[in-house]
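Report on the following structure.
Labels for the chains are A, B, C and D, by order of writing; each one numbers its residues from 1.
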Amino acid sequence: VKVAVAGAAGYVGGELLRLLLGHPAVEVVQATSDRHAGQPIHAAHPNLRRLTSLRFSPHEELGKADALFLARPHGVTLRAFDDDVGRAPLIVDLSADFRLHDQAAFSRHYGGPHPRPEVAARFVPGLPELYRERLGGAAWISVPGCMATAAILALHPLVAEELIAGDVLVDARTGSSGAGAEATRGSHHAERSGALRIYEPTDHRHGPEIAQACGIGVRMTVTAVDAVRGVQVVIHARPTRALRERDLWDVYRRRYGREPFIRLVGQRSGLYRYPEPKVLAGSNFCDIGFAVDPGGGRVVLISALDNLVKGGAGSAVQSFNVAIGADETAALTFPGLHPI
Amino acid sequence: VKVAVAGAAGYVGGELLRLLLGHPAVEVVQATSDRHAGQPIHAAHPNLRRLTSLRFSPHEELGKADALFLARPHGVTLRAFDDDVGRAPLIVDLSADFRLHDQAAFSRHYGGPHPRPEVAARFVPGLPELYRERLGGAAWISVPGCMATAAILALHPLVAEELIAGDVLVDARTGSSGAGAEATRGSHHAERSGALRIYEPTDHRHGPEIAQACGIGVRMTVTAVDAVRGVQVVIHARPTRALRERDLWDVYRRRYGREPFIRLVGQRSGLYRYPEPKVLAGSNFCDIGFAVDPGGGRVVLISALDNLVKGGAGSAVQSFNVAIGADETAALTFPGLHPI
Amino acid sequence: VKVAVAGAAGYVGGELLRLLLGHPAVEVVQATSDRHAGQPIHAAHPNLRRLTSLRFSPHEELGKADALFLARPHGVTLRAFDDDVGRAPLIVDLSADFRLHDQAAFSRHYGGPHPRPEVAARFVPGLPELYRERLGGAAWISVPGCMATAAILALHPLVAEELIAGDVLVDARTGSSGAGAEATRGSHHAERSGALRIYEPTDHRHGPEIAQACGIGVRMTVTAVDAVRGVQVVIHARPTRALRERDLWDVYRRRYGREPFIRLVGQRSGLYRYPEPKVLAGSNFCDIGFAVDPGGGRVVLISALDNLVKGGAGSAVQSFNVAIGADETAALTFPGLHPI
Amino acid sequence: VKVAVAGAAGYVGGELLRLLLGHPAVEVVQATSDRHAGQPIHAAHPNLRRLTSLRFSPHEELGKADALFLARPHGVTLRAFDDDVGRAPLIVDLSADFRLHDQAAFSRHYGGPHPRPEVAARFVPGLPELYRERLGGAAWISVPGCMATAAILALHPLVAEELIAGDVLVDARTGSSGAGAEATRGSHHAERSGALRIYEPTDHRHGPEIAQACGIGVRMTVTAVDAVRGVQVVIHARPTRALRERDLWDVYRRRYGREPFIRLVGQRSGLYRYPEPKVLAGSNFCDIGFAVDPGGGRVVLISALDNLVKGGAGSAVQSFNVAIGADETAALTFPGLHPI
């Protein structure tokens, strides 16, 4: 399968290249970046030095391929969509442009109404754990946001079984790579290092994505922590009936027991009793754990993933694998490192 | 005033020495540590090199002083209390041994019932913002836990004015120094670096301290983050009536407008719109900020402090200043650093 | 090939398991750890959760295998060697016990003369770039120290062509994982975080390893930096004749042009102009770069690697691949991550 | 003394404000920043919230004062000097514009010949340990670079007693704040975090400053490490005669025994046997230590300081104190923190 990656010099683009260059069924035929046009791939991604002789092309030279991964900024993707859509029969988009179907939420978070809601509606969410059947043979795939993916995967089993109700509180913690490769005052090392920066105390644009996938109300607080990679989500929810931890194990095992990239984490002892992004760097796992309040009135769900892999490029490749009928785990078996 | 510091080789002990050595009204006459007995102070606290010629004494050689600061481990303080009580007319304890008056909560978190509840009851909490009058002339002072201090200072004004009710959710994030100077598997750098370790998802022993001071129900989740110093607390609460941000400003300004060590943080722009421990290292400030959920159904309170200063040695010295009738800010004016 | 890993709960042991579990020609039949005996692998290595159903065995239950990797502490390996030697026809040792042949150097750094120099002499160094031929079919392999590997790979081409002479100065910077999984006061997060700890200003035990492999005098300074993984070595040497950068390129390309795990790094611009361990976590690459002093009197060599992979488990597996005649790169193709 | 700070929104400017606002003999009358003109000081320096009611003025509104601290970028200071010189009888400059008297070195490192060498020649270096007498009553003071200060203070005693000769090798490690408050691709957190970036392997512009002050040849390598504050310098030098450690102690004690801000660090045991910037954040100390190569052929000198304090604002205030005849330690007694 010949694939092209647009926006390949960004951080998600780099992870797409890393994964796709190691994919046994794929040939990467093009990688676009206007800024790095003409340069070798390792000019933007030093880890890929010597792994490919490809060079970045300007986006306007993007040619035909069997599949096109779009890792370009929000808004840019949408504006170029009519041009790009004809370039490949399979498009996997990683921007936010086609994620939300709720017009009010889109307007509130992306600066105005969506100009092409009918196009957005045709995208299948790039989350195989929820949409595997629809992804088989899909033409257009839109990968959810990193924090949304972590929250949806933790929440959905309980919502589906009507074990929680009412609004949930999603407390997300995120590393700096989620904001992309552009240097800003906020990403300046002297300011960002050691930060516990609450940049969205009551409303974050990934909230409506979670609400859309789960059908519940979501309140969301996001804190930028001192890490490069990784997202951890802690969700506080009220159960509809008294739950014990064993009930939760039952639910999650039933739902996720055969999922290749979801691991249930729950240990009585040791340092890694709950999910942590620290040991997930580079991996496509989403680790999920939980605890029940002694009084029974609250369930705490915890999930963690690498924002650039399971929260981005990895989910994209996994969805692509499903769409083309390949082994779903192809190119995605790196387990993460410990210690790191 | 001649003061002695017991448990002076620990991290809180080191901060007590740093502050008290710079206190214009104080002479530090003794610093005890069994492990470092006979060694110069800088053997444990390299920052204090050349600032004092004092050496650590073994605890059994602790003599008389005008005031005694106890920075020894939980349990040890209690067991030695009958011996230590006669050594100074003013005792400031920083352990957890005399904080909690709720026997059930103490039992649950400290391994059994308190052997001397009548002694604990005589301690005045070392939190001048709430107990300044009782601290004037107090003989025994017990400084609250670091996360409890942060949460109480943020919550109390709203509770006092009956603006919030029901259980509150306290989400605390803490650096590694809060666990003390003893090396453990959990504090091993390769494991602790980069951690987002949720070590108490539903119940932490600082919770009952907050409940005791505020008279409300508290659910508490604690995450160990990759920092040495600092505590940040994010509190989610339900208001009893619709609140706007301006209402909160009114409440907090009325309550804390003259407090020397509480700063209200709320900016429309910039990187430091909400409180962060990053800029508080070494300072005695507790920074407090807040946000109101757009729907009005939730108030988010944020507070930050240096766990070893305002969350420990600083509150102790501030309480001591009040108790002896000195300038409350003596030795406590270092403002913190930026960037750091 | 059935392999066993002894000392499998340590950090190098964990990396051996990660690599060998993904090796197409290998079956891991046993992993020993006295401390974790009976526990699942992920009790020590959370990244390997669900990748294997193996459990740790006590070392005394170590059985027969086709190859045995020893990742036990210095000294322990030597004492148990007579017992372990019969368990497999191929032994790959990662301790320091069989690295040094210079008795004086061994005595100085390891607390006394080597009790079995004739055994040590039979080990082939696990560094395929220098000893590939001897490794083919070798029975006993001893992998060099992480900093030694980085320095030897950078120095050897210039020494071999007699382009440098006299003592060289090796300035090594190392992360915390190099000191192993045991918690110590020196590895306590509050002390180790942010450290620039010069623990060996003039003499480090990896120095004699470098001298032995290169045949030159070595002065070595080691600084512990705030990282978990990674070693960077900066070497200052005097050339025997005026060298230009292009001369160095010629030498290194000639020597390493076909090496699968050595990359020459030299860019005129960009952030990664010289080798850095940051982008090498998990990878088996050793990146090498250099600069020539404007005056011509000094050559600066820079190399970087992941101490647990190319500086440990990766070189071990690479050497094992050579020894058994497998594809040298089997299990070792993970390229590292960016950003991280 | 009425003082103004120009370039007050930068990192050195912020530290000048922190120190001068706490100076008992000083009133800060103006703080200029074109970018932040009109904003309160804490818009740029969150640690100074509530400590001053001052606001930033545009530089063109800079008025008269008794002393003017210039913390503006290299080049800008020089271009505005004729305008600024009349604004105060005492000028303390922290840029590089008046540091170097060697025209060739200035040209090589700052993009061309110095346009006003006769002005530069009139500046007294802001390093009281070497130039205390000349600083008394000085009108124009130029503070050396942070790495230069650390190196000069370590080297000068040995050079002055002719105990070392020939070129020395200065290996400097620096945090990110040394590059200033402007966000760049190089300071982007995802790239800068975890870096060991060798950005000057053979020649750094602080080298000629060291050579100028010490009268010896200097080769300098600089590595950017993952820290915000702090500089550590490791110097390798050849002694002119066999030296023992005790000889070095004698030299440094004789020279620095009465210096208020230099501490000699040398312990047989413990974690802080050699100088580290970690425990110096916010302090005006320069810690100096050393080791002698077993063979006697090399001396290793180590010094550490906070680049924004003893390597910038602190040396400036200390020099100012000397110039106006105040207590040299005024405003500079904060000892640093441990742990941090």
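Note that in this section a residue touches a chain if its C-beta (ideal position, glycine included) is under 8 Å from a C-beta of that chain, and two chains touch if they have at least 3 such contacts.
For clarity, every value in this text was computed on a predicted model and none was experimentally measured.
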item	value
Any chain that touches chain C and chain B	A, D
Over-half contact-pair match to B-C, picked out of the listed pairs A-D, B-D or A-B	A-D
Which of C-D and A-C has more C-beta contact pairs	C-D
Averaged-CA centre spacing for the pair chain D and chain A, given as whole angstrom	45
Chain centre separation in whole Å, for chain C relative to chain A (CA means)	35
Chain C and chain D: spacing of chain centres that average the CA atoms, whole Å	38
Residues within chain C bordering two or more other chains	11, 177, 181, 185, 190, 193-194, 226, 228, 271, 276, 339-340
Chain C partner contacts - residues on chain A that touch it in the complex	11, 14, 18, 22, 43, 45-51, 177, 181, 228-229, 263, 265, 267, 270-272, 276, 279-283, 287, 333-340
List of chain C residues in touch with chain B within their complex	11, 175-177, 181-185, 187-190, 192-194, 226, 228
In the complex, chain D residues that touch chain C	167, 169, 171, 173, 185-186, 190-191, 193-199, 201-203, 219, 221, 223, 225-227, 230, 232, 234, 236, 271, 273-274, 276-278, 291-294, 297-298, 300, 302, 304, 339-340
